Amino acid sequence: MSPSKAQLLWMYEKMVEIRYYEETMAKVYMEGKLPPHIQKGLAFDIGSGPVPGEMHLAAGQEPVAVGVCAHLRDEDTVVGTHRPHHFAIAKGVPLDKMTAEIFGKKTGLGKGKGGHMHLFDPAHNFSCSGIVGASLPPACGAALAAKKRGQDRVAVAFFGEGAANQGAFHESLNLAALWQLPAIFVCEDNHWAISVPKEKAVSVASVADRACAYGMPGVCVPENDPLQVFEAVGEAVARARRGEGPTLIEVKTFRYFGHFQGDAEVYRPKDEVKHLRALDPIPKLAARLKQDGVLTAQEEEAIVARARQRVDEAFAFARQSPYPAPQEALEDVFV
Amino acid sequence: MAGRRLTMAEAISEAFAQEMERDPNVFIMGEDVGVYGGIFGATKGLIEKFGPERVMDTPISETGFIGAAIGAAAAGMRPVAELMFVDFFGVCMDQIYNHLAKNTYMSGGNVRLPVVITTAIGGGYNDAAQHSQCLYGVFAHVPGLKVVVPSNAYDAKGLLIEAIRDDNPVLYMFHKGIMGLPWMAYFEGSTTEVPEEPYTIPFGQARVVREGKDLTIVTLSQMVHKAVIAAEMLAKEGIEAEILDLRTLVPLDREAVLASVAKTGRLLVADEDYLGFGLTGEIAAIVGEHLDRIALRAPIKRLGVPNVPIPYSRPLEQFVIPQVEHIVAAAKETMQGRVAAGGRA
Amino acid sequence: MSPSKAQLLWMYEKMVEIRYYEETMAKVYMEGKLPPHIQKGLAFDIGSGPVPGEMHLAAGQEPVAVGVCAHLRDEDTVVGTHRPHHFAIAKGVPLDKMTAEIFGKKTGLGKGKGGHMHLFDPAHNFSCSGIVGASLPPACGAALAAKKRGQDRVAVAFFGEGAANQGAFHESLNLAALWQLPAIFVCEDNHWAISVPKEKAVSVASVADRACAYGMPGVCVPENDPLQVFEAVGEAVARARRGEGPTLIEVKTFRYFGHFQGDAEVYRPKDEVKHLRALDPIPKLAARLKQDGVLTAQEEEAIVARARQRVDEAFAFARQSPYPAPQEALEDVFV
Amino acid sequence: MAGRRLTMAEAISEAFAQEMERDPNVFIMGEDVGVYGGIFGATKGLIEKFGPERVMDTPISETGFIGAAIGAAAAGMRPVAELMFVDFFGVCMDQIYNHLAKNTYMSGGNVRLPVVITTAIGGGYNDAAQHSQCLYGVFAHVPGLKVVVPSNAYDAKGLLIEAIRDDNPVLYMFHKGIMGLPWMAYFEGSTTEVPEEPYTIPFGQARVVREGKDLTIVTLSQMVHKAVIAAEMLAKEGIEAEILDLRTLVPLDREAVLASVAKTGRLLVADEDYLGFGLTGEIAAIVGEHLDRIALRAPIKRLGVPNVPIPYSRPLEQFVIPQVEHIVAAAKETMQGRVAAGGRA
């Protein structure tokens, strides 16, 4: 399945938007976290600044998010991970409310209660979780609901190669295969689970090799390329919509930043990121689109400007929004 | 049809049937809930009425299917998931307490998860340490779950219908020894008259099972029936115990506890969960926090499983699970207790 | 690998012993559980009689236990399931203490605290659990200890086909494969997980097919035959002792009784057990041994008599043993 | 070398190193415990000293590796397993509470499981609902685990060595905000002098952090430091608070609590775990059970997270986690409290 011109441009634009979002976040995240503003003796304070707490950025992993979400509609479900921004953006979650949530503001998706790892947008059927492996079971549930209701909706669970070793992975794939659910399980193999490399965590070469244990198709996308992802996922989504059951897909991708911001990456070979920068999927896609006559230099400029403007506006919205009042912490436990 | 008596298991399966008829979004998942009818009969007859799409036998994958209930609820359905024994919570607690219980809050109230988890609790029939626990203390401790623990068929039906219609996650815990199963001894007081039509019982309202002026026994689930027997024995000795059946732990009817203890001045908490860091402590603390308006006449007394796993052997199990005679003895002790002088600073 | 004559006779004798043990237990279990001794209105009372609580019997599944344990030494570890008697007997757990435990007596393996699903015999490195899937992780741990210490010990985890859908299964197989542990994972496929048939629970035909997800050998033993089990396991144990890592084995077996005693088996086709009785592995083995000249009719009689005597003695020991005093319930939480 | 000061993280990794040198059976498993040195520095430097066989990075398979710790312990080793955040207990609780905690009991004491599970607890740095909990209430509620919660480097080392040498399962919980990490604000009182040589601190002995006659503040972990600051502020207003650091919840030093409250007549429990059905209730109940020998001068007061998930946003999180000013306010309220008249029946 080849992407239409509109899909190609959409993927490119979303990748640019995600990258700029993550790079902006990386900068904003450091605000207020360094000396002399923090406790004496510290090098960095995770709890300070406008965006406190852990921060997992997905720069480098854009191809996975856009290659999948290009096939999805609002009513399709996506469940993301602790590293959720790229999925959320590609799924159409409003940038302003999402960013406000990450700033802990009242105008955020969860009124500031969820934060960066807990973005919930029921209008776009998006959610995520800070627990590794936790994305898969609820995606099965969304797919089950669609099947019960005779809707041609699908559900996508994203997860890392590290998560493929959690019990939840196994139980979910078995359920989805047994019940022939319209679910697509997309593993982002970025080689690392914090400091633990894939070969110390996954006993087979590709997570897609595990599909055989469930009798479902397993597809390995060998490159961090949105077009390859688009193709593999297109088939899986079509199968799912036709009622032919789930698919497991692994995409070889990579992360440019540390596991979280502030990660000294002692475990990572010195020049790994340098090498990966040369493989950056965004300029690669731009070059290809230009070569194929899909994108002009002028259009490229406009896309980049538009994407950046959206991101800048979202951050401005988040900054300007008010914090919730302290006592609001007591609300929303129950509806 | 006044006078129709149902066992608690029958009342539960009737509540399911009525709600499933009323709302096509309600469906049930769990191990052996289909043809078997639920190991404790909670789903008996349902697959025959509603078919395997709405009464789904699952693999032994509690994380998988309870997590699936979350996803299906977020998509607008109203799933019921049976965790066969509460003792198995350890294989699926993450989906329950980090997701089902928190997603509503973390979304600022934007996500509704009308999921009911039903589960069997309790011992007394020698099923040993991994099949006899109550554990509601754990679920009441972590926020975001309503926790319902009925003691009889009437309450069981009304509370279950309330649970299914609630837009929040509810953990519904039935004690095996009051289900009225044909294969397990039970307290007959748990089999009651049950109206045929659907009805609801609001959460957070304790029931005064018996009025009394001398001491308050706060209890729930199967222990209510032991307390009733104990109270009758105590009455013969001139001690009038008031018995409160909490019915739900979240929300908790603190006012009912305070009002009763304010009246009697004496508190005995009788529980089948582990004694430490749980229900008995919470009830005692609520009273301790209100000593400005409650004049205690005796130290507070707690009964529960004394912080040991549930032993298998009958004499051991009967010793660690509070029995009628333990309640009687503790109540008498409480009647003889005195609080220390001084203290009015 | 063919069994020696001694091994053949051992397997036969143990199968006879297990069968007679389970049949005896089935009878004893019913003592005191039926009217008129129980609460009025009940058909059966699980909590009454000398052996209260749930009772899961393994009659029919003897080939798995003996075919595996024929390869094991005392120092090898076995972790069993909620249906543990056949494993325990084959592993050499003393029958008297085991039976006393099941009667809840002070002389039992666990002083009456554990009961039928919780038999612990450190001298024979045997344990089991009432939680489905829970046998696999500790077996990995025993295998890890052996590997760390350079011992040529192996660890066997038994589990049912129903358990193969638990997260613990997945995590354990991955760990064992990654760390090349001397572990053997033996699935008893008796088709049923209480009332749920395999095809409604396992998304592939054989649990052994799941070995591919871990890069370990997977072997399906197609018949409920101790010799076939012996052969498959022999190779797996030898590999493990040589340091070549774990194996997953599925054995097609069957249970003659209900899931637990008192199970009305409403889910089971009427004549399934009748059909299975015709396939009884014990007379089959006897016939074969006789045909091969390994067993005479006289020896057979002696074996049966010996096995029965051991079982009868164990039950007598259990009956005669004292109950623990109630306050002993407060002991042994900590050592 | 008197005067050597260590952070709590340094004290912990030193304790590990010394015990690993002493006993070849001790080894560590967990996510990122190797080259990374543990996300909170608890295993820093160990892989360099002891190699990857004794400091094992695991896949993200908590059920798998914690279960493996059980099997390795049963085979005679002394494993340490790190559960990165206690919040993740839900994916592996079955192995912890149904097996690790119960096998000794179920075997009649025949199986020894010298396993230490280390885990990070606590919030205050905006890591939201799935990474900020304390949850010791859950682990203290279920029997069979010793539960250790140090508040400073000195205690951390002594209690960890005690834990590793204990033949029983121990859950060792360190608060992230007192580890003295270079990347997280912390209470400096948690960095203390620590002897170089190995030493042990027995379990079940609370520490009197500060003596006082007016009220008793029972607390633990990071909250000890907030209580100390609060006590200094209270002292300026003439209120002398006695502070008890529980140090271990199982075993619990009930006598220390009772002795202190008997002296002061007033009890404030200050905790960072959820308020309901947990530690604060248990401490209050212990006092409530002993009103025959304790003359309370004011109602008991409890501080804890008010039964809501931990919110992300800073003003919200600071509101739900008890802070110094909450302790001060609660202490003052307690000083003004009166118990109801009557009650001496």
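When the chains are written out, they are named A, B, C and D in that same order, and each has its own residue count from 1.
Following the convention adopted for this analysis, a residue touches a chain if its C-beta (ideal position, glycine included) is under 8 Å from a C-beta of that chain, and two chains touch if they have at least 3 such contacts.
Just so it is clear, the model here is predicted, and its values are computed rather than measured.
Of all chains, A has its CA centroid at the greatest distance from the CA centroid of subunit B. The chain pair sharing the most C-beta contacts is B-D. For the pair subunit A and subunit B, the distance between C-alpha centroids works out to 40 Å. With each centre defined as the average position of its C-alpha atoms, the distance from subunit A to subunit D rounds to 35 Å. Subunit A and subunit C have Cα centroids separated by 46 Å. Contact of a single residue of subunit B with at least two other chains is seen at positions 58-59, 61, 63-64, 87-88, 90-91, 94-95, 98, 105-106, 128-130, 143-144, 307-309, 311-312.
Shared interface positions of subunit A, defined as residues touching 2 or more other chains, are 110, 112-115, 118, 129, 131, 165-168, 171, 174, 178, 200-202, 333. Contacts from subunit A toward subunit B in the complex involve residues 77, 79, 108-115, 118, 120-122, 125, 127, 129, 131, 134, 136-146, 148, 155, 167-168, 171-172, 174-175, 178, 331-335. Of all residues in subunit D, those touching subunit A in their complex are 31-32, 34-36, 39, 57-61, 63-64, 87-88, 90-91, 124-131, 182-186, 306-309, 311-320. Put simply, subunit C touches subunit B in their complex at residues 38-39, 41-48, 52-54, 101, 104-105, 110, 112-118, 129-133, 162-163, 165-168, 193-196, 200-202, 262, 266-267, 323-330, 333. On the side of subunit C, the complex with subunit A involves touching residues 165-171, 173-174, 177-178, 200-204, 209-210, 212-216.
The part of subunit D that touches subunit B in the complex is made up of residues 63, 87-98, 101-102, 105-106, 128-130, 135, 137-138, 140-144, 249-250, 252, 265, 267, 274, 276-282, 284-285, 287-302, 307-309, 311-312, 337-345.
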